[in-house]
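In this document, chain identifiers A, B, C and D correspond to the written order of the chains, with residue numbering beginning at 1 in each.
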Amino acid sequence: MTAEVSAEVSLAVVGLGYWGPNLARNVVAIPGASLAWVCDDDAGALARAAASFPGVGATSSLDEVLADDGLDGVLLTTPVRTHAELAERVLSAGKHCFVEKPLATSVADAQGVVDAAAAGDRVLMVGHLLEYHPGVRALAALIADGELGEIHYIYSNRLNLGQLRADENALWSLGAHDVAVILSLAGEAPVELDARGECYMRAGIEDVVFAFMRFPSGLAAHLHLSWLDPHKERRITVVGSRRMATFDDMEIERKLTIYDKGFDERTDSWGEYIARSGASTSPRLQPTEPLRLEVEHFADCIRSGSAPRSDGASGLRVVRVLEGLQAELERSRR
Amino acid sequence: MTAEVSAEVSLAVVGLGYWGPNLARNVVAIPGASLAWVCDDDAGALARAAASFPGVGATSSLDEVLADDGLDGVLLTTPVRTHAELAERVLSAGKHCFVEKPLATSVADAQGVVDAAAAGDRVLMVGHLLEYHPGVRALAALIADGELGEIHYIYSNRLNLGQLRADENALWSLGAHDVAVILSLAGEAPVELDARGECYMRAGIEDVVFAFMRFPSGLAAHLHLSWLDPHKERRITVVGSRRMATFDDMEIERKLTIYDKGFDERTDSWGEYIARSGASTSPRLQPTEPLRLEVEHFADCIRSGSAPRSDGASGLRVVRVLEGLQAELERSRR
Amino acid sequence: MTAEVSAEVSLAVVGLGYWGPNLARNVVAIPGASLAWVCDDDAGALARAAASFPGVGATSSLDEVLADDGLDGVLLTTPVRTHAELAERVLSAGKHCFVEKPLATSVADAQGVVDAAAAGDRVLMVGHLLEYHPGVRALAALIADGELGEIHYIYSNRLNLGQLRADENALWSLGAHDVAVILSLAGEAPVELDARGECYMRAGIEDVVFAFMRFPSGLAAHLHLSWLDPHKERRITVVGSRRMATFDDMEIERKLTIYDKGFDERTDSWGEYIARSGASTSPRLQPTEPLRLEVEHFADCIRSGSAPRSDGASGLRVVRVLEGLQAELERSRR
Amino acid sequence: MTAEVSAEVSLAVVGLGYWGPNLARNVVAIPGASLAWVCDDDAGALARAAASFPGVGATSSLDEVLADDGLDGVLLTTPVRTHAELAERVLSAGKHCFVEKPLATSVADAQGVVDAAAAGDRVLMVGHLLEYHPGVRALAALIADGELGEIHYIYSNRLNLGQLRADENALWSLGAHDVAVILSLAGEAPVELDARGECYMRAGIEDVVFAFMRFPSGLAAHLHLSWLDPHKERRITVVGSRRMATFDDMEIERKLTIYDKGFDERTDSWGEYIARSGASTSPRLQPTEPLRLEVEHFADCIRSGSAPRSDGASGLRVVRVLEGLQAELERSRR
């Protein structure tokens, strides 16, 4: 991929619901990027964005955006069901494309987007925001350095009393984050999937999901996802053979903690183990907002022509696991 | 069952490992009961107990204990695999019997103990300790009174860095508590069971277990059990249609909390819901130790001839679910 | 005071450091008010604000702002040492005035501002933000309703690792919040003041302050203030004869908790007390941001001509206590 | 002091209220010591102890205890007002003496006990339990090694809803712990004392105490003590020029935490500081109970003839500070 773009990357944000304005604000804030367009077919959302970003082009027409020759890339934050079709239009128009997670609602659709990016030699990045969190990156570095030993299992708890969604269940809405992180930490694809869920508020939309994965290396992973819970938890725990670690996004200061805990084999007695409960440490993390780092990474990849950390292949892998878990949910419905 | 025993109930504690001395101490402490015997075939454990309970008979022979005509009942805290056989001997000797949880390692064995108790018209009580916790009893009362509305689901987290066991996996060792509580709260038997687990420290002994149950009423339940975890959690959460509640045994003061949380249907718009996040309340709980209440209950049942809250039928139901989940664990092993 | 202003209140924000833009954003957001001017003598801050609030007048001249006949009021968020002089200019120009806390750096200066407001019959409001927090308002209502019984004492902990200030010590910077709340809860002025502090980072600027007050009714209050602490605490605890309560601004959901705790006199034995540790309850609080409520209150008071909850007299009382405590700090310096 | 005692130290526990039986249990449990006597003039307490410790002499007469030629030492846990007189009797009888904290109710009395120990060349140890806590010892080691830099200040929070005492106020009852720890960490005596308190439940007995100390080195210390509080806190925080640390006895696992926090002077700009909020670490602590370590230390000192960590001089220093703070409390009473 050649880095033909100028130093200043010109970007558009398409989709101005809850999340789009946050992306737009970060595009404005980072050096080396400029916001050229905001786009939405909802007139009210467009007007509010236009007021917030004076001097930026505002339109309800994606075609008008894509016709801008000076534009380098588009950040798509439209409803999930539109991701694939719109991303393909963006990429086919020769623009680099950032797509909010999940990349698509099916493997087939996700593959189409990946193919379109490859065909046009464009950057395709998926908004797996947690992968850009300094705490998750520090956790990934610990694992890569062998600090936790062999990774036995990973489990996540993503619980709150949240917004009910009519078009996505808790697996796709909440679990996409965890699947993306777990796959990136695992570095391999699961070979066994299991999921159970319950639909209390709307027929066919799971409010609560328990999902399980097994990987070839022996690693296992479990997700507990719910938007119908009294607790607010956003936590990923990694249990390794040497140490354990937790990334807890609800903590103000100790978002990442490493526990020197585990079982040690007794040297004097074969097969006996002693629990070791040693020091716990919370390292200093880079204080930058993950969203800022994510948007900077997209601009950097456009400039350098390098593949994003959460590239199309990564987005496809996540959709493949979500689709597999969804099939398990449907298979096991009452 | 006739209450033929005298006012002072004479009891023996059989099995003096970790838990037996605690039971013995409580027998000594409660009014209306006396400790007549301590029994174990380990000479050291027996000597320590004899020193702690001067004046109490100490023997390694269960036959000697059962030959005591003045003895009313026996509390069994021997290894789980011995529960059924020893309990049948106790009951056949005409003594009332308390058995530590779980009642047995199979449904067949548990049924045998239940039959023996029925044949001899003796009290059979299983040590489902959590059912005697004032916080769990208050939670049960809330549910029975409809304060939480219809119960959607219950999930438990029982995690720690604990003692590795060679003869029991995390399901039987940790999960017996949760299954007992969930069945007592549900008031019905599950119709669907699923479980996955992983054995990291010893072949064939799950250190980590995820279990799922569905009930005829629509209730679902999930257990996350592990003795290989950096966190120490002992928590049961109940999500109802009107309110939610958590029993958290790691809290010092707020062991039970009721959350006025849920989704309310909008009156003006069919099918739209609004999240309601209202007051949270932690009621005052009876400060008595659960173990004390449990031992008192056993003595009371002997005196009155009434069935214990956690009677043999309850113990059998718990073993039936554990056996079913164990089958799922084994079916789904790698 | 006559409510001569039109329905739409026209406001200016003067001082565009850290806090000013937040005020401006809220002026823009509330119905019934409009932002007419932003003003600062720092060119960079002014340019940033002008970009954020397109269509709003931007000037470095307070005179230009005050010359606007259509302007109803000014919100002053300039450095504390300038509060009194600028507020007097605003009020003398016939504009209503909101001043960030504390109102002034001396009782004499604060009195001058109060007099200027009275002379011109203008609204003078001091930005005691915490008094507008729904949690503090609910706490005040509990006390007023007698729910806590007689108030024995109040203590606050306001600790963090914060910004070192060169022009204000921890008493004036952090303690102004607590003094304002405590005086409003007490409804009386203290008769005894004591304070000790230590200056570690800069000579003559206390980083850590302990302050004590006694009130005529018997109430006592204590402040622990520090910007040199490993913990982040923002908490006010009220101990009453019947119940106790804590407003903890670091809690996400349970910002206000009422504890049914205290000592009960035994009826059977004169002078003996039994500790009562009953239920704890966290009521639902209005979810609106305190800053939004504060700005709305200023606009409402301008419209209605009524006195603000934190009016000039209140601001003067707070400065009087701060000045008294400052004298104690200086008297007791090493 | 010569170590004339045999390898097995023979000990008596005098005073069998709440705390005495705990001491007795630990005497029994440690190797190299034996419990020869339990003594109390309350017949019920004596009978209960006699039952708990079969084979141990039980008497209401201290003279009988002291007449035992084989007895090496006495642990006194009688009411505080009796400490000095009884300790002098013990020491004058040639026995080594452990006295619960505080050593006495006045400096004069404490000096008398110290003199008696010196005259008889006996071990005198005061039960400053916290000084034997592995977390406090680790904290002291950190300070001694310079890990925290220069110590700026220390503050303690010792709050609960506790037992009202008729014979001791919160300063003597709760604060003795903190004063002992602070003096041992400081290694110097305070030159300035200030204290304020309030008596709500009983005239002349402070339920709530705020105390302040300044030391020659520049160190300051503050205590917040109360048995009339909704919170349960037992915490000592140390703020140093390089790092900060907290010993929090309410934490289950992280009792000691070191925070890499502070202000760093900017190298490019004289007098400007930047907040540094780095890693936090909770080291592994020795898991032994402090009470066990304390009793072992007394037995070791008897055997070796060495001075205890909390010797008579230490007990005297603590009483001197408590007496000084008490004078401030009384001076400043309403």
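Here, a residue touches a chain if its C-beta (ideal position, glycine included) is under 8 Å from a C-beta of that chain, and two chains touch if they have at least 3 such contacts.
Not measured: the values here are computed from a predicted model.
Visitor: Determine, using the mean of C-alpha atoms as each chain's centre, which chain is farthest from subunit D.
Guide: If we average the C-alpha coordinates per chain, A ends up farthest from subunit D.
Visitor: Consider the two chain pairs A-C and A-D; indicate the one with the greater count of contacting C-beta pairs.
Guide: Most C-beta pairs in contact, of the two: A-D.
Visitor: Taking the mean of the CA coordinates per chain, how far is subunit A from subunit C in Å?
Guide: Roughly 41 Å, centre to centre.
Visitor: Please tell me the distance, in whole Å, between the geometric centres of subunit A and subunit D computed from their C-alpha atoms.
Guide: One centre to the other, that is 53 Å.
Visitor: Hey, what residues on subunit A touch two or more of the other chains?
Guide: Each of 253, 277, 280 in subunit A touches at least two other chains.
Visitor: For a test of understanding, state which residues of subunit B touch subunit D in their complex under the given definition.
Guide: 51, 54, 232, 250, 252-253
Visitor: Okay, in this complex, where on subunit A does subunit B touch?
Guide: My answer: residues 152-153, 155, 161-164, 192, 194, 196, 198, 200-202, 208, 210, 212, 214, 218, 220, 222, 224, 228-231, 237, 239, 241, 244-246, 257, 259, 261-263, 271, 273, 275, 277, 280, 332, 334.
Visitor: In their complex, what parts of subunit B are in touch with subunit C?
Guide: 253-254, 260, 277-284
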